[in-house]
Amino acid sequence: MVLNPENTRRYKLSISCPDTVGIVAAVSQFIANHKGWIIEAHQFADAESCLFFMRYEVVADSLPFGLEEFRAKFNDLAERFSMNWDITDSAQRKRVVVMVSKESHCLSDLLYRWRAGELDCDIPCVISNHETLRSFVEWHGIPFIHVPVDKADKKPHFQAVQEQIASVEADAIVLAKYMQIIPETLCEKYPGRIINIHHSFLPSFIGARPYHQAAERGVKQIGATCHYVTPDLDAGPIIEQDVLRVTHHNTTKDMVRLGKDVEKAVLARGLRYHIEDRVLVNGNKTVVFA
Amino acid sequence: MVLNPENTRRYKLSISCPDTVGIVAAVSQFIANHKGWIIEAHQFADAESCLFFMRYEVVADSLPFGLEEFRAKFNDLAERFSMNWDITDSAQRKRVVVMVSKESHCLSDLLYRWRAGELDCDIPCVISNHETLRSFVEWHGIPFIHVPVDKADKKPHFQAVQEQIASVEADAIVLAKYMQIIPETLCEKYPGRIINIHHSFLPSFIGARPYHQAAERGVKQIGATCHYVTPDLDAGPIIEQDVLRVTHHNTTKDMVRLGKDVEKAVLARGLRYHIEDRVLVNGNKTVVFA
Amino acid sequence: MVLNPENTRRYKLSISCPDTVGIVAAVSQFIANHKGWIIEAHQFADAESCLFFMRYEVVADSLPFGLEEFRAKFNDLAERFSMNWDITDSAQRKRVVVMVSKESHCLSDLLYRWRAGELDCDIPCVISNHETLRSFVEWHGIPFIHVPVDKADKKPHFQAVQEQIASVEADAIVLAKYMQIIPETLCEKYPGRIINIHHSFLPSFIGARPYHQAAERGVKQIGATCHYVTPDLDAGPIIEQDVLRVTHHNTTKDMVRLGKDVEKAVLARGLRYHIEDRVLVNGNKTVVFA
Amino acid sequence: MVLNPENTRRYKLSISCPDTVGIVAAVSQFIANHKGWIIEAHQFADAESCLFFMRYEVVADSLPFGLEEFRAKFNDLAERFSMNWDITDSAQRKRVVVMVSKESHCLSDLLYRWRAGELDCDIPCVISNHETLRSFVEWHGIPFIHVPVDKADKKPHFQAVQEQIASVEADAIVLAKYMQIIPETLCEKYPGRIINIHHSFLPSFIGARPYHQAAERGVKQIGATCHYVTPDLDAGPIIEQDVLRVTHHNTTKDMVRLGKDVEKAVLARGLRYHIEDRVLVNGNKTVVFA
């Protein structure tokens, strides 16, 4: 059997459960019993939380059944080990809603990657509180939904946003420089599914104007952080981070410009991990099987 | 059972074999059958060579037998899958001979890491073609063996070196800036066990005076490469590489100085991978389960 | 006098000449005599070539005259020190022709930066040997010129390209993954003005399919190189380079995808340096006053 | 005149003053008038503080006088521009006291660099609150001064430390993992001359056990910060910072080990900048003319 791993339909099995002896053996035996071909495998035992995490990619066609039957058959084993688990199909692309404000660097980068096939997802719509980026989005054939914000009362805005997200049956929401604080109700409706890019190396410079804070402190590197959104501002589980070097020559405005490159790179990596079901949440931390 | 993963004696099982269905299941079932606790696992299927590589770390005390019995019991399974395989015991420290010339940056770094417990190996001796570094080595309580080189006839030198290596029963030889070309016979006696640090980002600047070559070409980053030594000069399997930025301001002499930091970091990482049995050779490439 | 350095019109003075005592004093005195305000200054003495390089940015409005008069007045001093020199006006944006084939990562990145104001230049047209990227370019309001290549005879193609470049009075030509070897005549017509992005860390992997070469050699980092094009393939002066880490898990196809991020970042930085007149050619090397 | 820039005695002139037109011209003219040969030059205008910073390196033998006469002659010019300024002689090596506790990674690295000639300074003594590192220090021929700390009353300790520092006429004090909070009086006695290495990417994780804080927050990179010590804990002007990547696999103990490499690299770079008079303090920030 010759396999081209790049073009192969895969099932992605993610598991977390209390750590004990025999988990890997049980799971891999289950898959081997059904002649499943594991082409990628990761595992991690967190000595602190005593939790065990694993992720398998199995060639879909190597198994004699589909996801539904897999789920039914696997259930006993999952219960035996008290697993939180999920299995997804690479052929079923995630539906990712992108939310933006006026700044286009993250959006441009994501849409480039999307149309080039680097991000394996659907984008049912882009939602924005401004009209600025409509033409660029629509050139891509993606609906652009303008939902204005009334600063005096943001409730109607978020109500409309939430309905729009629900109506397109989004699997994930990406805040690609959306610049509004997400209300608690929305956070709780999509736990581990709202992805933000913050323009600092968290936990440094939480909140507004992080580059100004960075310039004032005189740091020698600036960074960006991709994280899941929780009601606690800029404090959700971190998926990915990176930094770049600055010097005394760099003004705040330079930092804003230079930082864009890190922001978009970090967001693209974080989103890719999420889309490929490589991120498992571990309390307020993440396990990223990259 | 509470485990401190840092201080736990482990068996390290490394396998490479033709890729097929069921390898992971068979191996993990074998270990589970004996109540073995897998605390680290890596695998890789090379679509090009159609080879499969895996590495398990098992808590030694979780198994009811030692290495000898493991080897005997595992043999059938290994033969069934045509495995190249090995299992080592973390309690059995590797014996690493370090060879140097006059430059001390890599040696200083390795010996610091060794005495700080960062490199889990024994160093039965340091061999050098110069007396320069004797006092520093001896301060560490390590025998320093001076084996002079006669440029007109290097054979006696390498004969003496080979005898010294054999007499201390070395598991690995580290060329920490040894600056002599290893003869083919020695290479072949220790395949995948002689580790060199080359002061360029290979395959750029093979051979002598790579920083001078780099300065002449006007590159904007310089690098270093840790690789296994084969009879083909600077062409063996690469274990680890890294680079750092230089500018037009940096003279060749600057590059030599700056490059030392990359050289010693890359060698330390490469050696650590080797000592922990994380490097599996795949043709002229390496699989590094870091 | 309060100055906003970001929005200030500047004269950019670049000088290279044989190194001797008094150059900086003479030049800065000349500028001070005319009440010029130097807001950025760099200099470099190359001990090897015995050449001296310097670059000043002067606030345009601080001088009592324009470029023409500057040139006339500065001439004596320049001759005294046998200077190669040039002065440009930040208000006079460079005209940059972008050449592409079918791949869009560098083009998308450059056009994003251009429309976001990160690249301070005009793009009079994009030239391509394929129709693939027409719609994307035209959405930006930039003319897209399709000049097909006849593999049997590439001369007419390059004749047409050269005429197009001349007709828009290009100051610089960017090969943003153009994938054709530039003929010597074109190279010589625009020395130090044709900028290429090569998808390897030169001088490693010159020529075709560098990622395949990299995968075969088993390197642990891949890179990209932005350089001026000379008739000698992939051997012109290097402007900028960078790398990223890969592992045994990364297939050649992964490297191609991952490498795109380095390619576009390195090209964007290199082009920015060029546009801002920060690159001075020093034999087959560059001085980059970044 | 042929110059080997590596071995040349240099005067290092550092200036900060209110920004205005003509500073560079005046200074470079002064030097040119005395036939001084400038071999390195940096300048920076801080648009925010409206301060101007510059640093020249002049070949000592190219001037017809020594430092004392330079100072006398330069004074008028300095007063005209209200300069804070200093000039030092590369032949006059700084006297750097190193303070340590029990951890040896930074000390080992600094002493390696010192004996290899990478750090151009004298080390009149190493002071420690423990005996642990005596033998290693003394092997280098450097006096090791043990000054115990009484936790109940640290005053006598710091009194003795301060006397020791004064008795060896230290120009700078390096806290190479000294792990004690420096009292305000000592900070104020040596402003801009006490250099600390903090094991986090400040301002993240100020105070104790930063790696534990980092592990708990689940960051994806850890870092280190070299800064001048002020009475405000971990809040002094930052000289240098760097980071390295960690994953969920890395325990706190791993971070401690991995972080050592960043700590020692960042401290070595920061100290080198300081020794070469490349760091100019700008409020609570630094200008580093690297």
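Going by the order they are written in, the chains are A, B, C and D; count residues from 1 in each one.
In this section, a contact is a pair of C-beta atoms (placed from the backbone, for glycine too) under 8 Å apart; a residue touches a chain by one contact, two chains touch by 3 or more.
Owing to the predicted nature of the structure, the values given are computational and were not obtained by experimental measurement.
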Relative to chain B, chain with the most remote C-alpha centre: C
Selected interface, A-D versus B-D, where C-beta contact pairs are more numerous: A-D
Cα-centroid distance, chain B relative to chain D, in whole angstrom: 36
Between chain A and chain D, centroid-to-centroid distance (C-alpha), Å: 41
Multi-partner residues of chain A (each touching 2 or more other chains): 5, 47, 251
In the complex, chain A residues that touch chain B: 3-5, 21-22, 24-26, 28-29, 31-33, 35-41, 43, 45, 47, 62
Chain C residues within the chain A interface of the complex: 5-6, 104-105, 108-109, 112, 116, 118, 135-136, 139, 251, 253, 257, 260-261, 265
Sites on chain A touched by chain D in the complex: 44, 46-48, 201-205, 217-221, 223, 237-243, 247-249, 251, 282, 284-288, 290
